[in-house]
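In the two complexes below, chain A is the common chain; its partner is chain B in one and chain C in the other.
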Partner chain A sequence: MLGPPELGWLVVAPVFGAVLAFLLRGRSWPLVVLFGSVTAATVGGLVPSIADLLRFGPLHYRVSGWGAPLGIELALDGLSAAFLLTTLVVVATATVYALGSLRPAANAPATPSAPISEGPQAGTFWPLWLLLWAGLNALFLSADLFNIYVALELVGLAGVALVATAGGLSALRAAIRYFFANGAASMVFLTGVALVYHAHGTLDLALLATRVAPGPTLSTALALMSAGLMLKAALFPLHPWLPTAHAVAPAPVSALLSALVVKAPVYLLLRLWLDSFRPLAGDPAFTLLGTLGALGMIWGSSQAIRSERLKTLVAYSTVAQVGLLLAAFPIVASAGTWIGIVFLAVGHALAKAAMFLASGGIAAAYGHDRIREMTGFGVRQPLCMYAFGIAGMSLVGIPGTAGFVGKWLLTTAGLSGPAAPWVAVVALSTLFTAGYVWRVLAVAVRSAPTPSGDLAVARLQSWPALLLALLTILLGVAPNLLGEIASVGIPSGPGGTMP
Partner chain B sequence: MTSFALYPLAGVVVLTIGLWGLVTRPHLLTKVLAFNLTATGASLVLVGLAARPEGGTDPVPQAMVLTGIVVAVSATALALALIARLSRVDPGAVESSD
Partner chain C sequence: MSWIDLLPPFILASSLIPGVMIFLLPESRHDLRTTLNMASAVVKVVAVGMLLAVVAGGRTPEWRWPLVPGVELLLQADELSLLFVTLSAGLWLVTTVYAVAYLEGSPQRSRFFGFFSLCVSATVGIALAGNLFTFLFFYEILTITTYPLLVHRGTRRALAAGGRYLAYTLSGGALLLVGTAWLFALAGPVDFVPGGGAIDELSRTRPTELRLIFALLVGGLGVKAAIVPLHGWLPVAMIAPAPVSALLHAVAVVKAGVFGIVRVVYSVYGVEAAGELGVLPWLAAFATATILFGSLRALVQDNLKRRLAYSTVSQLSYITLGVALANPLAFTGAIVHLVHQGLMKITLFFCAGNLAETLEVHRVSEMRGVGRRMPWTMGAFTISALGMVGVPPVAGFVSKWYLGAGALQAGHGWVVAVLVVSGLLNAAYFLPILKTAWIDTPARPWPERPEGRRLETAWMLLFPTLVTALLSLLVGLLAAAPFSPLAWAHRIALTVFAP
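Up next is the complex of A and B:
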């Protein structure tokens, strides 16, 4: 079914916005208007498209009427719609937070690095922010592997530059390290794409799914593409670049990086392994993927529990949660519960963005993020604590949250089949996650030796986090909101029922 | 067969050398060169596989390589800009990546 042309707005609006933001050079009120317009255009593009998607099924759109192979085609199905909606919500709330940090609270202590949106970087921060958004939208809409490569590059380069906007030696080092990991991953991925084109003469994902013929060339191609994506997703043991980059970046950037940027390669792995190249991916391959995921879950969690700093803890939690997502692949492969992994991914995106924004609010008020020295922050900053706590509950998988829906669907579907060991990994992740979330909350509620009283947190730096955390509850209470959209055009059938 | 396989295989070798350099070389500028090698290797694979056994070439991979070159140039510019800024903050940091 041919999609509405508004689909293109999702990419065009943020790119135009980036150019305008560059001309505005970080001036505050025009930026608010600009972000309002870009968000409105994105909503205006996405809502009618999703309405069409629900009515007619998966959509295709040829940009400017040019089809494959030289033209660009956009495609929208349930899976991409779920990720596009998540991107919209997370970017919009993180933007409010970032705009809020334009005016730090009057009596907040000076932070070690100048506020991102004011310092010398202000002119570059907002264009990069919008380019990252454009890249993510383009990636989730892309219908062929080469466009996906270009979108991955856009996302990666914007992400690297945004990490560097934190300023200072450690941010630059982390950004450069991130650049090399990301660049190597891109080139390995591109080589895999070349092999796919050689073997099948097309890069269109839908066409590939019908043409896939197992053979050594295609296996090598899938291995190369997966290796590149695993490095970008920071899957254990390819993760060492992530904790430093996500921990030193400004809080709203960390939120986008952890919630969305590492989720993009996971989305692509889902597409490749469980959709387009499904006939190629055998049980041993899924076992390898799941094992790496399980190890990543254990390693990331154990590092998170030991972290000295709050943002490092949240960053290692991302390594653990990406591992969990990959450990769920074998369950999806054998039981066909796509919706389960979508809830796990979307739930993590909302929760992790909430956690990073909450940590940013806490760090802005204390002037540091050393966990030991923020005893009793729950009394002084209740909103940040609630946001962190609710998001943590979703990550753990407490009933009534998005995380629970995901884990429930995967567990019920996988328990009786051959994927039962992987269900054990999912259960284990609940314990591990509870460990590091509890560690932060225990510090929050302990009575503080330091003088109490309200610590100034700008309102715009605490409410966005709470809003994102509450959304994980909304999805937990009313999973059909997302489930109905996400299950359109899912290849192996909806699989599993809503709790 | 040999002439068709030569270029893509050379591309894989160049890509591998680049990856090796990225992992083992501490100097950041060497790493940038290594990154460029990986990009060249990937392009060589793409173009090398575009040759058709019956003669002539497939234009689609060539179009992709053009885009790939633009991406690699921009990425290199970003890396050099970051390294230049790093060298202003701490001149010694350029010679080692950790």
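Up next is the complex of A and C:
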């Protein structure tokens, strides 16, 4: 089915916005108007497309009428719609937070030494921010490997540069590390793509799905592309670049990086392994992916529980959660029900963004994020505590949250097939996650000496976090809101739709 | 759907919605908060009364909320639900009165009463759950919402106890999740049916799996039901404020576990299938060990609340044992003990709270002559303690009588020996308290009553204590009356054993 041309707005609007933002140079009110317009355009592009998707099934749109293999073709199915919606929600809320931090808080400690051009105050921040958004939208809409590569590059470079906007030597170091990891991953991925083109003369995923046959060239190509994506997703043991980069970046950037940027390669791995290249991916390969995922879950969690700093803790939690997503691949492969992973991924995106924004709010109030020294923050910043707590419950998988829906779907799917051992990993992740979430909440409710001075968090910094956290509850109580969209056209396995 | 089908969700919402509102109230709005609390507790009791009338009329209201296709939340009011939901609603009302007085002047009351309401909502959800999935859903929410109440004081010891509580209950929750999901994968959503029977077919074709699932389910539930060796969190959790301990030991957490075991054995597996699978003797063995272990440990505790906590460990397993005997009389004794133990134990914890709040008495050794200073409180304590020992006509006697009679009928004479030994042990740890309180002379004069106070302590502390003490006497005295808990338990036994 041909999609509506509005689909293109999802990419065009943020790119155009980036140019305008560059001209605006970080002035507050024009930026608000700009973001209002870009968001409106994105909503205007996405909503009718999803309506069509629900009515007619997966959509294609040829930019200026040129189809594959020459032109750019956009595609929308349930999986990409779920990720596009998530991107929209997370970016919009994080933008509110970032815009809120443009205004100096009334009670902010006067630190004349701090350079003014940090994070959202830096002139380069907003164009990069919008380019990142454009890249993510383009990636989720792309239907061929070359476009995907370009979008992936855009996302990676914008992400690196945004980390660097935090200012200071440590940010620069983290950004450089991230840059090299990202660049290496892109090279490896591109080599894989070249091999695919060499073997089949096309990069269109839909065409490939019909042509792919097992063979050494394609297996090598898939392995290379996967290795690149695994490095970008920070899958254990390729993760060491992530914790520093995500911990050092300004809070809204960390939110985007952890919620969406590492999710993009996971999305691509899903597409490649379970759809286009499904005939190539044998059981041993899935076992390898799952094993790395399980190790990552354990390693990330155990590092998180030992972290001295709140943002480092949240960053290691991302390593753990990416691991969990990958550990669910064998379940999905044998049962064919993707939807569990989608809930886990979307739930993690919302929850992780909420956690980073809440941590940012707390850190802004205290002037640091050392966990030991924020005893009793729950009394002073109740909204941030509830946001962190609810998001944490979703990661743990407490019923009534998106995380639980994901875990339930994966557990039931796994137990009805031969993937039962992987269910143990999913169940264990509950306890590992609870460990580090509990550590933060215990500090929050610990009774502290009477607070000296006001440490309130600006409203624009606490409510976005809480809103994201509440969305995980909405998806936990009414999962069909997402489930109906996400299961449209999900490639057919034995049970391609919802169970 | 008629209006009676909306009663179960209404009962759930009657504390959920006020709970959320309480979170949003500023700390200083004491009167409004108390009004909300009391109003919702009263509304809930009235609604439960209506539901009781509906169910007594032979109807079974049910309300379904689809989550994802094939999985739905089912709230359903059968006779067994009504037993538990009436107990929860009634005891919540008296505990609310008690808690308002007990926490007067303490910080963070909006947080406390918010979670207090959520906790009761979860308990009601457990009581009204119509299938195992719904049960799991609310069971896990109960785990989480109880935590902030346990650690309300925010001290190091409270947090350590809270950590241990979470480690135990979340591990139990993970087992329960896997068990529930496994059964779901095998048999679909098994709705609760009095007498079970939905999986009879499976228990013949796949007995090993069903035994494993039973072990997972009961292992998970056994954590909250404090079956040895899974009881380690309960004695430590007595660090919580008195009203929380009272609710926790009488209705909310531990009863959720025991109620779950009743559900699994009688509403899912059914007596026949459970008997064929040979799982019940194991359950009986663990219950017996727990009864004796709890009583022995209670003997050596000087801290009053700790002694009561070990007594709970022991008394809970009376219910489990009665369930495991699979005999109509023993079953009646077991589920009537669910109510009786609740009434008696809540009274005892109220008394402990009164002593601590009024006289700073926390240990048995400090209670010398306290009966003269606080005769009403100690009177209530005496009634309930004698009931626990099994002295007629207090409630505990009735339960034990039925348990013993059922055991003899089923040909398990050894159970009577267990009951006698445990009764003696109960006497050995309760009677010395009574002697200390009534006969010994105080070590030092008790602090005087504040000017103008005619009662021995605040009326809002004393009144709930006397009400529950009176009730534990009345349900024993009037056990033969048509609407006594015993009569209702008979009715349930009829639905279960003679379907």
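What we mean here is this: the second predicted complex is superposed on the first by the 476 of 499 C-alpha atoms of A that agree within 3 Å, B and C clash if a C-alpha of one lies under 4 Å from a C-alpha of the other, contacts with A are read in each partner's own complex, and residues count from 1 in each chain.
Everything below uses one rule, namely that a contact is a pair of C-beta atoms (placed from the backbone, for glycine too) under 8 Å apart; a residue touches a chain by one contact, two chains touch by 3 or more.
As the structure is a computational prediction, the values presented were derived from the model and not from experiment.
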Check chain A with both chain B and chain C modelled on it and let me know: fit or clash.
fit
A:411 in the overlay: touching chain B, chain C, both, or neither? Say first, second, both or neither.
second
Which of the two partners, first being chain B and second being chain C, lies in contact with A:428: first, second, both, or neither?
second
Who does A:379 touch here: chain B (first), chain C (second), both, or neither?
second
Who wins on chain A residues touched, chain B or chain C?
C
A:483 contacts which: chain B (first), chain C (second), both, neither?
second
Just checking: does A:191 make contact with chain B only, chain C only, both, or neither of them? Give me first, second, both or neither.
first
Classify the contacts of A:37 with the two partner chains as first (chain B alone), second (chain C alone), both, or neither.
neither
In the overlay of the two complexes, what angle sits at the CA centre of chain A between those of chain B and chain C, given in steps of 10 degrees?
150
Chain B versus chain C as contact partner of A:291, first or second or both or neither:
neither
Closest approach of chain C to chain B (Cα atoms, Å):
37
Complex contact set, residues of chain C against chain A
23, 66-71, 107-108, 111, 136-138, 140-141, 143-144, 148, 151-156, 159, 162-163, 166-167, 170-171, 173-174, 177-178, 181-182, 184-186
In the complex with chain B, residue positions of chain A that touch it:
69-70, 146, 150, 153, 157, 160-161, 164, 168-169, 172-173, 175-177, 179-180, 183-184, 186-188, 190-191, 194-195, 197-198
Going by the contact rule set out above, which residues of chain A touch chain C in the complex?
339, 376, 379, 382, 386, 393, 396-400, 404-405, 407-409, 411-413, 415-416, 423-424, 427-428, 430-431, 434, 438, 442, 445-448, 477-480, 483, 498-499
Could you list, by residue number, the parts of chain B that touch chain A in their complex?
8, 11-12, 15, 18-19, 22, 28, 31, 35, 38-39, 41-42, 45-46, 49, 60-61, 63-64, 67-68, 71, 74-75, 78-79, 82-83, 85-86, 89-90, 93, 97-98
